[in-house]
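Listed next: structures, encoded as structure tokens.
Shared chain: chain A. Partners: chain B in the first complex, chain C in the second.
Showing the complex of A and B:
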């Protein structure tokens, strides 16, 4: 029967496709399962797949016995501050690059793209000196400043392609009605650009949340460390590596990301379309 | 563009066009200022630093001219790191592209719970590198890692493998983890392009008797060409300058077998305290990258 044959083919294809998907996410499933196992179960040979006994002790220890909450606070402050500053500057800048004519505009646009590709490792050495010389060594502020080096070109580039997609007539119509250019920007362009601004803000926040190299070089004490270097220092300082504790930390670090994926995913895909594919 | 009902501009004697471009300049001014302070100045400064011999902790040093570069070009470690950088970039990029196209083709089909499958596949890309590396180091653990247990259980190997401590295993592991982390970028870009290929092309080919392989070769691949060029350029640049993943996974070891140029910059600057020669490595690395950046900029112009 043709119907049965095509159903069998569909079933086979789905089994094949979902096997691939599960292999890809297996490391993440394993991370969650490990974080829920008592320490003793980690060293079973062969390892069991599901925990025999589900425990939340690692999460509890993470919150009470390690500086995890301090790292979490620092990462939150960093991601928020970087995103706010970068979005404000980049929105104005992208508006200027897409709606105004002045000499040097094309050069600036090209410079933005160039800096977007620049390796952090080149900028980090002078920035390290600069931060120490201006007295910002080992502070969260130094990290916010350093994060703008990659976040601003990135945000500008994304926002520029979003805002280039807003039709010129809208702004012109608003100005015929007597609004000034800045009013037209606030009343017409900004609401139109809002989905793009949200996408860009999400990407910027994720970049700042995940950043490692600047945090490694510019800060070196627990009270200013963000999660990335903080959690790694837990790995380095412990005498024997407590994998279930580290997996619990990894899960906790990924919670904001899971939130974004569940509730705000359309903004992520939109950002990808603008920034990466159209290039 | 200015409307006549607006209160007349204060008599500046400037034409509306000039006033408009002045507003444009004012809006871009914060960007330009920040760019100069945190990007242009450090960039020039990095080149300048590379001409000195500087001791990192005291930040003091002497003029060295081009001697940092001369030492580098004659040093085996520099070329070894450059070679490692090429192996890593080519290896991980190839896997990302092949696997990315394959998964994109699968996710383009009518799949049960397709949007869930897509979200799950994208996840590694947005994950912090620290998390990715921690998870993989646990999977790679030689005694209790699930990877060795699985391979021994299926009789593929009969002794546990040291994934990160020996060569060529360390390089292979690194390339695999890099591919896992970054292939979703290829998936997203290719998927977006696949959705714009007109169905008629496939229908016509099917009528002409073309099988799935022929359709992929004669329709899909040529249609993907443009986007693949952009993806390859971007990912070459990003993979070439990768620091976090390599530093955290192998630290460049064993010894310097997986050390790439970004890791060498970090080591020179903060482990060996040679800020000057670290800058020289960074500048050299940027020169290599400029080739790809130039091509990408040209592509982006179109």
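Showing the complex of A and C:
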């Protein structure tokens, strides 16, 4: 009897979980299926779920007839550069905020957090004029700087709490063992903070990869457009939306992120659990 | 030459004075414990010796060289931390190797020295493991191995045994004594456990509120405490301290009984003053002409019995034989052993002297 009841409960739980998964995954599946359908099948009535004929022509057209690859390169450069800059500054900054005592330290940390609380829309115009004035208008560098301004505060706070969990004694031990302060940081603190650094890097990379608003405002020529705005401006006009191409582009935009996630997943879970296991 | 000399060293953190005007001379090869209650400044002193904190005032020398401005790496020291501070991402071998690597010891020699240190501390089978796969006692030995492998002039230890259970602690105490005997290096050992300090040290430095109270051999510290704090801190259960009157002629009155004060091993006294009279529990004897007392609490420990007596409202702790078979509410007569009475100043607590005779 008890066995039956627990089986029923399991079944209910699974049905519930799968329903949620399906609801979330459905648009993604639809995106993939649409990208594989020939244009003629898109507006069939009644609509078909699976393509009657599978075609890769949209992918081929994207790669050969459009500037998609340029956008992809721009997005990659943007995400990589932003992540590198943010991680280097945030790691060193977080180390300073946790390990050194100096006047105004807490104020500094709070001021940084406060800038993060400003809605990013507020900063668009000031940043736009700033970039024009320093001669960085319409460049990838302007976007790297813009993304850094809003990724850095968050990254700093995330890493700060991570580093606060690393015992002071470890660094002291390394210094007694003959390391300089910087060496101790590299040998002992960095490996301990690695899960935190990876989580932060992932957060920053996703932000830079998916950002739309700043990319729309700060750059306006095809050679420096990232994927988000590039794909939209290329395929969405006021007269016509090329659905199949748009879906194919969306699939290809998602692939690098999924790849990175799968690759870094074990570090991520370790990072989230890191606060719990100390000893 | 690898003695340590601390001269007039003070350290303050903002308004808090952690260590004040500390003087300490440690000879080469000596084992000195720094003993004191929590927050007495002993760990701060040790961290200053290590170069992890810098003194606000004063001078620290190691091996005859002033090291005030030297970084930890440039002092010939090794340190064992209370938390062990093993590098979690390195294996046991990696942990022990790290100080050698930082000092650019060639690889072949590194391996040889790791092997020796591992053999000395029985770590051979654990070299490939990560610290989290080790028990507390094993982690402790790895931390010692990391210190020993470098063969430094001075070992600094910050309560290294306090995270171990009682049985392992007494075992490691014996191992540390042996280790010190074998390598013969100067060791500074910070602890709040008087048993560790008494059993292992050549000399004990007792600290209280940032200041050195007494620096002497364990025997001396026990037999002739320099002040009332040391008297009350050393010994388990601690020394009885009762208020008494000392008149200008050296007559001491304790519980209405007269003694003759003698400044045999203290600075003496001048005029009439209130003093603190101290005597250890084992120096409380039951005798027919003693003070009337009531037995309040009886704590048998097996080979002896700790008894709390009440004389009027004062409480006196005694250590007596189980054969006396005392029970709560028994009426007894007791007195301190005359030659073991200590007299401390009633104002600053400094030792004034002892007692010569009754009457």
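We take it that the second predicted complex is superposed on the first by the 251 of 279 C-alpha atoms of A that agree within 3 Å, B and C clash if a C-alpha of one lies under 4 Å from a C-alpha of the other, contacts with A are read in each partner's own complex, and residues count from 1 in each chain.
Convention: a residue touches a chain if its C-beta (ideal position, glycine included) is under 8 Å from a C-beta of that chain, and two chains touch if they have at least 3 such contacts.
Predicted model only: the values in this text are computed from it and were never measured.
Residue contacts after overlaying the shared chain place A:20 against chain B, while chain C stays out of touching range. In the superposed model, A:192 lies in contact with chain C only, and not with chain B. When chain B and chain C are set side by side, the one touching more residues of chain A is B. Of the two partner chains placed by superposition, only chain B is touched by A:121; chain C is not. In the superposed model, A:176 lies in contact with both chain B and chain C. Contacts of A:217 after superposition on the shared chain: chain B is touched, whereas chain C is not. In the superposed model, A:110 makes contact with chain B only, not with chain C.
In the overlay built on the shared chain, the residue A:167 is in contact with chain C alone; chain B does not reach it. The interface of chain A with chain B overlaps its interface with chain C at residues 172, 175-178, 180, 279. On chain A, the positions that touch chain B within their shared complex are 13-14, 16-18, 20-21, 24-25, 27-28, 30-31, 34, 42-43, 45-47, 89-90, 92-93, 95-97, 99-102, 105, 108, 110-111, 113-115, 117-123, 125-130, 132, 145-146, 148-149, 152-153, 156, 172, 175-178, 180-182, 206, 209-210, 212-213, 217, 227-228, 231-232, 235, 243, 246-247, 249-250, 253-254, 257, 260-261, 265, 268-269, 272-273, 276-277, 279. Those residues of chain C lying in contact with chain A across their complex are 47, 50-52, 71-73, 77-79, 81-83, 85, 87-89, 98-99, 102-103, 132, 146, 150, 156.
Residue ranges of chain A in contact with chain C, taken from their complex: 167, 169-170, 172-180, 183, 187-188, 191-192, 279. Contact residues on chain B toward chain A in their complex (touch as defined above): 1-3, 5-6, 17, 20-25, 27-28, 30-32, 34-35, 38-39, 41-43, 45-46, 49, 59, 103, 106-107, 109, 111-112, 117, 119-124, 126-132, 134-136, 138-139, 141, 144, 146, 149, 153, 180, 185, 188-189, 192-193, 227, 230-231, 234, 237, 241, 243-244, 248, 262, 265-266, 269-270, 275, 278-279, 282-283, 285-286, 289, 293, 296-297, 299-300.
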